[in-house]
Amino acid sequence: MKKLSPKTGLSPGSLVFVGHKKTDKTAIDVMVYSPTELREFRTENPEDFFTLKDSADISWIDIKGIHNTQQIAMIGEHFQIHPLVLEDILNTRQRPKIDFYDDYIFAVLKIISWNEKKKSIETEQISLIIGPNYVISFQEKEDDIFDPLRERIRKGKGRIRNMGSDYLAYAMLDITVDNYFLVLEGIGEHMEILEERLLKNPDKKILKEIYVFKRENLLLRKAVWPLRELISQLERSDISIIKKKTRPFLRDLYDHTIQVIDTVETNRDMTAGLLELYLSTMSNKTNEVMKVLTIIATIFIPLTFIAGVYGMNFDYMPELQWPWAYFAVMGLMALLALMMLWYFRRRKWL
Amino acid sequence: MKKLSPKTGLSPGSLVFVGHKKTDKTAIDVMVYSPTELREFRTENPEDFFTLKDSADISWIDIKGIHNTQQIAMIGEHFQIHPLVLEDILNTRQRPKIDFYDDYIFAVLKIISWNEKKKSIETEQISLIIGPNYVISFQEKEDDIFDPLRERIRKGKGRIRNMGSDYLAYAMLDITVDNYFLVLEGIGEHMEILEERLLKNPDKKILKEIYVFKRENLLLRKAVWPLRELISQLERSDISIIKKKTRPFLRDLYDHTIQVIDTVETNRDMTAGLLELYLSTMSNKTNEVMKVLTIIATIFIPLTFIAGVYGMNFDYMPELQWPWAYFAVMGLMALLALMMLWYFRRRKWL
Amino acid sequence: MKKLSPKTGLSPGSLVFVGHKKTDKTAIDVMVYSPTELREFRTENPEDFFTLKDSADISWIDIKGIHNTQQIAMIGEHFQIHPLVLEDILNTRQRPKIDFYDDYIFAVLKIISWNEKKKSIETEQISLIIGPNYVISFQEKEDDIFDPLRERIRKGKGRIRNMGSDYLAYAMLDITVDNYFLVLEGIGEHMEILEERLLKNPDKKILKEIYVFKRENLLLRKAVWPLRELISQLERSDISIIKKKTRPFLRDLYDHTIQVIDTVETNRDMTAGLLELYLSTMSNKTNEVMKVLTIIATIFIPLTFIAGVYGMNFDYMPELQWPWAYFAVMGLMALLALMMLWYFRRRKWL
Amino acid sequence: MKKLSPKTGLSPGSLVFVGHKKTDKTAIDVMVYSPTELREFRTENPEDFFTLKDSADISWIDIKGIHNTQQIAMIGEHFQIHPLVLEDILNTRQRPKIDFYDDYIFAVLKIISWNEKKKSIETEQISLIIGPNYVISFQEKEDDIFDPLRERIRKGKGRIRNMGSDYLAYAMLDITVDNYFLVLEGIGEHMEILEERLLKNPDKKILKEIYVFKRENLLLRKAVWPLRELISQLERSDISIIKKKTRPFLRDLYDHTIQVIDTVETNRDMTAGLLELYLSTMSNKTNEVMKVLTIIATIFIPLTFIAGVYGMNFDYMPELQWPWAYFAVMGLMALLALMMLWYFRRRKWL
Amino acid sequence: MKKLSPKTGLSPGSLVFVGHKKTDKTAIDVMVYSPTELREFRTENPEDFFTLKDSADISWIDIKGIHNTQQIAMIGEHFQIHPLVLEDILNTRQRPKIDFYDDYIFAVLKIISWNEKKKSIETEQISLIIGPNYVISFQEKEDDIFDPLRERIRKGKGRIRNMGSDYLAYAMLDITVDNYFLVLEGIGEHMEILEERLLKNPDKKILKEIYVFKRENLLLRKAVWPLRELISQLERSDISIIKKKTRPFLRDLYDHTIQVIDTVETNRDMTAGLLELYLSTMSNKTNEVMKVLTIIATIFIPLTFIAGVYGMNFDYMPELQWPWAYFAVMGLMALLALMMLWYFRRRKWL
């Protein structure tokens, strides 16, 4: 939530970068392809790809690093993008959303990846401008999850080279959603380990882990629920950029999103269940500690009292002189202890 | 959730088996029937039933074992099934859903069975391709729940031999839902036993059982809620494959699904109730343990103190020489103990 | 949920009785009435009332005991009732529902009565076939809640003799809903007593009673929520069986159902409140027990230690010889005890 | 809920008073007014105002005390009110609702007032028959909340004398909703006091107060939620009784109702928060009691043991003869006690 | 909620100030601007800006301090504002809402600001009258959050000088929503600190802070949810005051509101999580205290008993004369203590 403050009071549409800078330089990777040809180049100057706007080929302009507001402004001007859209691209605190304009579609997504080393979630924002023959993607940092897609374009595998910019955008959405599945797998495995530990030998650290787990699930939830709405709007829209051939793919993607949501919601219930289990287990443990204390105290406190009585120094205590008194008292104590034990057994405390 | 990873980054529509292999070989059972005739055969070669696509008879092609991707691809090509559908058939992690295509309906279901031995739930996925005169079912393993249906077809009982492929699909859905009832019965009986144990003699193991129970109910929930939507869409669709005569049956099936959902939701509330009951019972037990400890300690600690006082070795302690002092102190102690007991009784601790 | 199993795998529409048999024989009570005339008879042979289907009078055919599947089949055939409806009539595990057919309406209800002796709820299912001039009701057992209605028909009180079969069905629904109010009264009184007991002197048994109460409310909920939908559909339907004159009565009935639901939902909240109150009270009690223990232990343990010190047998312990030492130590102990008491009072433990 | 039973089984529309009688006699206050004139009288005979039905002036017929069923029946007959409406008027257990008839509107409301003496809520039901030029109100008892309205009519303040019966009904609804605000104020103040007490010095009585508070909020909720629906229907209805000029006032009233609901829902959350706070505070208290006990016991139990050892009477215990042994043991004990205290401080228990 | 009472019973539309007076005098700041010109003045006399109603320029009339009812009444009369609107303007307990009138729009908002010093939330109400060429804003006090907007108008930055009164109103809404983000930042930082403290070293004060936090979030929720509805209605309305050019900005604002709601809801879940974490941590602490007590008591109570036995004064206790008995008993005690320690280690209590 931090760093939103610099924008307060500015005129709407002012271009201000909001977020943590994840890379220092910006690079622009461009892929231009038709069913038969493919051209790839990297540049730092937006003007290098300005001609692609009216090209017959499909182009994917991938901007890596969005803190260079001047560059973004140049691109926005050439591709005639609404100032509010540019403002949204620069604000990495967006909620996933889609907006339809006359000659392009604007979409904001959250890429969530599972960091295997840190065993935690990482979030990145990506914005897409989907035009009739181009897709401009704005990413926060250089390394991304789209390498398999680039490979597919290069090798001409699948149908991607024969489809339009809408299919390219779909392919990017598809990889994003597939990544959610990877995250869910990571969380799921983590959760199973947690559950096993909880059932075998619960300790205090589990509590914090459940809490972290809950927060991560919340994060995923915030990314996926709006995405469902986004894909549904994309599929149902009658904008000409989305061709009829691509719609079944979007519907399939929609089903995947529903599945992610389903798992996220189940995880939610499961976490609540884990917490309940943890709390009950801890309270059971307290109960057992109490029982041990009570058993020991209840057996020995009365016995100690008896010993105390015969430790008194009164001049006249007739029992003290009886030769068998000591043994009788010891016997009495043993009997008392046995009766206590029998009582505890009957109460199922032992 | 595991094993979804191999697919990430692949082109949509790539045929990859996702799931646990439940059988090694694949078998295809084919039933071809008309009101008067019936032919049955088993094969491993899809080409054996390719002619059935244009036959006047109704055919049920039951593929058992779906890890043979090549076989599935062949069937898909001949029956002109969309690649995304084939991909979904091979992915056993689907959510129940229905998709309408021009000349067939695609449905994914979860078969949930109650394993009486393990006292737990087992899940299997089944996909249906419902064509104008055929139903292709894709199951994960050989033995299934449809034997009574086969028997009904063989004996010509009921109206099945006189109805089309839509009724065959309905009959399969009907058996699936009936199976949910069996599972609910199993869970219900298990639950009643649990409740009785809880009210009579709660122990720690019950906690884990409630937790498992909760998870199973969640599983059932995830299978049934989308099924309700599925059947509702099937009934309301205006696709010609679903004939008017079959619709009342689908509506009846819809009512059954609602009833399953109702019970699942009630079970959810009941489980929450059981957990509350368990927790309260455990906390009552702790309370009682505390009371025993407090009563014993509160009676004997002061008495032990008095005994301790007269066990002191001061040279000048006048009481020690009085001949009746010992008996007086013993009497005092008895009096004190009785007062304590009276106090506890007044407080309703005894 | 039990006994649903015999039906699994059977052809849909197979007539199998599902439930607990509540009566051994079946009886059929028939009432035929017009504004001016009334005929009543009891029979066991369905053929006796077959002519009533086309009679100008209104007839109420009340079948008591539905385990005789053959009899039901005969009636179904004559009155041209859909096999799925007959199957539903025989299945006493139905959820309340309504189905509209071309020339009759089929409704399933739950009659819930408060058993004053057992202080618990009893459920019975009743199915209605509402035709243009007849109502066939299927009840599980002989004695029912409709005697006041019969009396009204006999005496010609109210408007019932002048209205059609729709009003007769309405009157039956009305009595059913009125009965829910009676049950709510029973539960309400029970609840008030529970609450008073809880506030005065909570004991362990209350927990189980709250749990039972919760389950009964759940049962009522499952019966009433679908009933609301049922009555709403009945009122809004444009089927000719429901005459315009009857609609205001159905709307009034709908309001009553809403009121029942309202009370059921309030009861739900109240039960949750009761449980919270119980748990807090119990935890307060534990707290008090703890305080008593702590006060006693904290006062006497240090004193006992002092007594123990002067009970040691060292040869050289100067204090022992001082003549006023005993009294000094006793004074010190008294002082210590007073300080402790002052500390507890300051902490508001006393 | 009590006393609903007398009605079960009666013909719908039977006139039976259901509720607690709050007054013995019934009085009827009539106000007839036009922009220029005003006539007021009190009567017990309904016939006295029968002519007002067709008068050009606006009349407000206020019936105080509704247990006189015969009187109600007379009024119902003359003003042509549907028997089901009369039945509802006599039943004080109604849920707020509105019904539109051809020439009048029927509304049931709950008046909730805050009894400053008892610090609790009081509920009364009021039914309104809104005709083209009259409003008949049925109240349970004599003293009511409408005196300011009467005063406004008498003095001709505001626009009331220039508007129709719809505005009169609106004015009554407005006062009813304003009264809810008063109740919310009372509850709010009570709640703030409770919260302060809870944060300063929580005691057992607070628990019961929170519980009572919860129940009162539930009561308010049951009265306000249906009222919102009622006013919304009134505003949107196209019945001619409601004139266009009055609609903005109804919309404003609707906003007020939403505001009441908002506060009721917030109160609900606040009460839950208070309960959580109370429970946590109590558990913190237990924790502290435990700590005191543990500190005292942990320090003195080992010391008492050491004293006990040197109180043993063995003939051969070398330490006993050492002259400095007593002081050494005392020193050791002091050291032990200090170590314990240091340990507790490190653990932040002190 | 307090101070609502003075209005009860008054005629609707009566002008009464409801709320806490936040300023003593009232000031009116007027800005009149066109793309090329700007005029600013401060007045206390409403008549000074009456001519602006029909001016071609856009004017912003900012009334600071609304307790001067006479002034408000004058403005209302001249600008032909409905009496109910004036009443709402004077009532600072409004819920955010929007009402469309023929020639103006009336909106009520809550401005929520984060008081960095008090670390708490402050609420102020602002009402807007949006006319075709003017916006009248009614604020409770002098200093406000709109200074950046005034600066933008003065410097002619952004598009504000070229747009109409609708854009001016939008700009005010935009700053209001941006302010919510600032509050969320404040709360978010506060929350992170709380969480860290909770995970490191939970103490009792955290409980109260969580409670306060919860209440503040509730406050924000009550302000934002209706605002979402308000902006949505503004965007979708077909009133001519809202020009087509402004709608994309309103849609963008709507997205921001959704984002605020999202964060508020997440905060809600997070607070619940924090409370759970706190409660569990506290219960863990109790558990540990218990363990320490139990370990100490369980080790020393039996040992003390043994010492007590050999402190008894019986004349005939053979062990006492054995020369090695003392050392044997001491050894036995040490052994017992070690066994206890081993037992605790096995149980993972140490």
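A, B, C, D and E are the chain letters, set down in written order, and residue numbers restart from 1 in every chain.
Just so it is clear, a residue touches a chain if its C-beta (ideal position, glycine included) is under 8 Å from a C-beta of that chain, and two chains touch if they have at least 3 such contacts.
Keep in mind it's a predicted model, so treat the numbers as computed, not measured.
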Practice problem: Count how many hops through touching chains it takes, at the least, to reach chain D starting from chain C. | Solution: 1
Exercise. Measure off the straight-line distance from the CA centroid of chain B to the CA centroid of chain D, and report it in whole Å.
Key: 42
Self-check item: Distance between the centres, which are taken as Cα means, of chain C and chain B, whole angstrom
Solution: 26
Quiz prompt | Residues of chain C whose C-beta touches two or more other chains | solution = 283, 286, 290, 293, 297, 301, 304, 308, 311-313, 317
Exercise. If every chain is a node and every touching pair an edge, decide which shape results: line, ring, star, complete or other.
Key: ring
Quiz item: Beginning the circuit at chain A and going via chain B, which chains come one after another?
Solution: A, B, C, D, E
Quiz item: What residues on chain E touch chain A, complex-wise?
Solution: 147-149, 152, 157-160, 171, 174-175, 178-179, 181-182, 184-185, 188-189, 199, 248-249, 251-252, 255, 258-259, 262-263, 266, 269-270, 273, 276-277, 280-281, 283-284, 286-287, 290-291, 293-294, 297-298, 301-302, 304-305, 308-309, 311-317, 348-349
Self-check item: Contact set on chain D toward chain C in their complex
Solution: 1-2, 4-5, 7-14, 82, 84, 88, 93-95, 97, 99, 201, 204, 207-208, 211, 214-215, 218, 222, 275, 278-279, 282-283, 285-286, 289-290, 292-293, 296-297, 300-301, 303-304, 307-308, 310-313, 317, 319-321, 323-326, 329-330
